[in-house]
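Quick one: structure below, then a few questions.
Naming follows writing order (A, B, C and D), and every chain is counted from residue 1.
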């Protein structure tokens, strides 16, 4: 382990597949040293720490350390109880009974009870952008301090999976926060860390929460669940927007861990003494989005023509990200990953076919607007290359580079006159079809597609996994075949870790419990 | 040497007309040519302009042509400045970038001069407006040009034209001040009075008498604004609010190359040198113009 | 003098008001909706609309402008959309960073720039003059962010002498503060040093041509004393006049430098806020910066009066 | 005491060197007065500045000798010359507005000479400065000593200049057009002051002016300069009463007299030739009513017209007999 070169390590990480074993597991054999502060050079800082409003990775990375939910993802991204001791689902799949753990303390010393859980859910239904999950709730019941019951109006086969979401997480807040406006809560949670000093745009510190009550029934940490032990005194997130500077900080030892590096920046750290570059999969999936309500991409054939010209290898190289090729909208090895039957719409590289489709669609040089932004260079670079590929097939392309806010607003609203854009989806692919639903409809601006509508209805109503898988295959096929979205790649997360940061486990976010500093 | 008695000296009271002089512009050109830094600066700028104009003939004419198999090629005979992360030829991009950067520099300097001339003239001519206009100019002057440019450019959206408008607006106050000062002096001179007495209209006086006489200081500041604008464009691009990619402006090439600054140093080295050289040439040229045209302007820039 | 200051402030207020309104309108011209960014990718249109309502962004722009101005009149700069904190607090948190950076750069610029300019003037038309002036010219011609990146590669990555990024507050550690500022401040100062050296040289040359310098020489004053006592004091007035401009250039230049060195200053705040359409922050920052620049200029006026006896008495 | 021998001064211009003063010689005994007269551009100020070598060294070339107490000032190292400046030889300038440093108090500027040459402390220098201001008849000297120059009138400033010049009781005072920039009444006062101080201190004075009348009245001896050359050198009375060089005559006729109509004031026709473009013969020939063909051909020599009276005019040498 000690002399493992970075390249070997990457191979190790790759072969590990979807279920991440800890490549540093052997380090656990050593006795953990206590104390010290981990310096984490992150690319930006959170704007707020209200879990119910949190969608950005930088916010969530802090929130997952400070808060915990009833149910959360384990290392294999499956739902496991965290603050719940256990749960039961009724026969009809409409009633969910959570037994809460006793003696769990908030960082202010108060014990967590069902009243806190109830307040959390009630507030969530009011303020969170993710409140659609709770739209079908008939009622909440709290028969005693340690029981919480949710009753739905209709069968929802994946309700528990929806509750484990790491985006807008259902983190339990103290009841005192019930009526706090969105984004204005006091940051008090049951997590193993508590919030320390926070200077916006500069740094944020989380400190060991001495009042933390770990889950003793587990052997050790397991994704966001399990038994969490804090060895370090604190973790300091330094916000360093320049990739160059983050790499420099690792080289000089100013930081113990960093993230959000491009492939080329990561390569710079290869062979640097005391630093190990890693690429973590699964992380996100990159897609080209096609606007299906805006001419000329409202024509299915034209969208398909764009899909046919998309040369995935070049798009991946241009993005400068570490990425793997895969056709599916779920990750290999997970329940919803589709087989070869859905692979035929991926990486076609078929200029002749594209030209034939264009002819069929009566395409006559209408301008196709390719929009991207300057803030995310991988998006910009992917689009620049795609634009060249489209031109090669005789399409008239206008490249429109804006900033991310404009780009994102346009993606959401469908305005701004774009036809083709790109973005990455990080949690959706991980969590399954229910998390995909909003995106699939929203970004390509799909209206009146009965294939999708019917398949989704079937999906929610199927208690049996095989039926749900079948429904999902239909959904995915429609999205890819109809070229509402073009799958580009499974993108890894490039990070670097100091060799004396021990016990680190690869996960889609960086987790700091159970790590320790060997100094 | 400064024997300043000429005016009081009785013997010069009936000074005869000075001997005929060679035309003013010819004298100026000769003086400029004799000015070492002007020669050097003009030479540098000329070379850059010629290279920019000839870009389609020197290169294969496609600054955006990608060749992902050839990415990060170090400088070689085939790619004198190497290639970038798309395998685009940096030499071609820098040459085409010269067109954009020089155009932005030139257009914003001209626009700033025109705007400054209008505001400065208005201020000098309509004395009632003078106070208000100059107060506003002073306030704008207090803002660093780059901040103003960021604000204006952000509002106009990422386009070459917005960069030009933003930079021009940022430098209008400086120009206006210079023009106003020159115009105020000239306004009080006898021949302007004479023109006024002979019934010449305000426009005529402004265009025939005042404007030509403001040209010297204006021309000098135009060169300096040109240099600033090239630097400012690069800074705006670096912040991600310059001319949008894939425009190969020098600032953009650097901004796109900064992630590879260690491994592929050539991506950001050559456009950086190009910017420095262009700004250096323009500054040298401006120094020469200033020394020859308007020695009293020293302090302004 | 007090009257002058009061007058200058009174003059500045209406202008600042115009700046504020213009900034507001310019910002709201921009496409892009901050609520989308706040809500995140996974949000649906309904949640975005709710956020927009919560933030008052659903009101017509004139109403928003009116609200903003009435709040402003009560000293309330509003609340940042992205940072979820009052604008005044956001600005005040970052101000020390930018001021520290500008201050250290200023402290480097003034003596170095003046010394170079004086040296060039004294050894006018010799190789010393040429060398100094070429350096100064390079200083005003090289883009500072480019130098910054090269400098980080050399001094931080290769040599490991200086931290590559970050800011250490003064109250944490003085040496840390200085170390974190040294590299960015020097890079930031380069342009201004070149500018000041060029200006000081011409000012000195102009002064050295003055009759009173001849008077001093006729008295038997040594060249050194002539320069330091007689010439320098006079050219200093020119320097004071531009030092306000230099300071404002430094604050402007810090926008770019803060970005590279990851310093949580005003410049970065402003750029981020523009990118994220954080309207209150952009407006508030521009306004506060405007006041800061007015203040700087007033201070310069006072210093000028202190240096130049002719102003002091009149 | 002062003996200027064959002084020539060249200045560097774009196209090379041009001669500003050529081959000027004159002598000045101790405790005497000399006037130098000429139009603007005649080289009189250049000559004066050459004595203290105040020209910019870079762009000036001087030849000849300037002997002061037996030492050649032109050959002297700068350091030694500096000791002489302000202590043995002092100078006052034409334009009191610009000759005083605007940012230093007048006490400071007067005291500086004393501190440099006599090593006085700041307080001593200040006290001496007050005495000196008294000496130059500045009222309320005690409070004036802390004033800045811009608070004083032109005449007052010139008095300050004089106070500064006489601070170390120099043996030679060079006054370069000391009254040109002043009102007529003030002019007289300043000259009167100079005369009194000369007697009090016992120094020699070189008075430079374009006004022959003024110079003749003040000086014992007068030299007239034209286009960088000495054209007449004679006792003051002689130059004033019977000038021989046509140029001196012209200067004399240009002096306004109180009862004459100013509009009929005489002016010498033409202009003084450019230093770079001087005629091949007599410099004055193009403007001279007496000029003969020979005058245009070769530069005339300076010749003794009478004992103690030298002129550079072959025509007058031929045609006129010395008086007496």
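Throughout what follows, a contact is a pair of C-beta atoms (placed from the backbone, for glycine too) under 8 Å apart; a residue touches a chain by one contact, two chains touch by 3 or more.
Keep in mind the model is a prediction, meaning the values are calculated, not measured.
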Taking mean C-alpha coords per chain and comparing to the overall C-alpha mean, nearest is chain C
The pair out of C-D and A-B sharing more C-beta contacts is C-D
Note: chain D sits from chain A at a C-alpha centroid distance in Å of 91
Rounded to the nearest Å, the gap between Cα centres of chain C and chain D is 53
Whole-Å distance, C-alpha centre of chain A to that of chain B, is 49
Cα centroid separation, chain B vs chain C, in Å, comes to 22
Multi-chain touching residues of chain B, meaning two or more other chains, are 157, 240-241, 258, 261-262
Going by residue number, chain C touches two or more other chains at 30-31, 149, 157, 211, 259, 275
Note: chain D residues in touch with at least two other chains are 95
The answer for chain B against chain C in the complex is residues 2, 135-136, 138-139, 142-147, 150-152, 154-155, 157, 227, 231, 234-235, 238-241, 251, 254, 258, 261-262, 268, 272, 275-277, 279-280, 283-284, 287, 298-299
Given the complex, residues on chain C that touch chain D span 124-125, 210-212, 214-222, 229-230, 233-234, 237, 307-310, 313
Contacts from chain A onto chain B in the complex sit at residues 242-244, 262, 264-265, 267-268, 314, 317-318, 320, 374-375, 377, 380-381, 384-385, 388, 399-403
Within their complex, chain C touches chain B through residues 11-12, 15-16, 18-19, 23, 26-27, 29-31, 137-138, 140-146, 149-150, 153, 157, 199, 202-203, 206, 211, 238, 241-242, 248-249, 251-253, 255-256, 259, 270-271, 274-275, 282, 286, 289-290, 293-294, 296-297
Interface with chain A, chain B side, in the complex: residues 64, 66, 68, 71, 85-86, 157-158, 240-241, 244-246, 256, 258-264
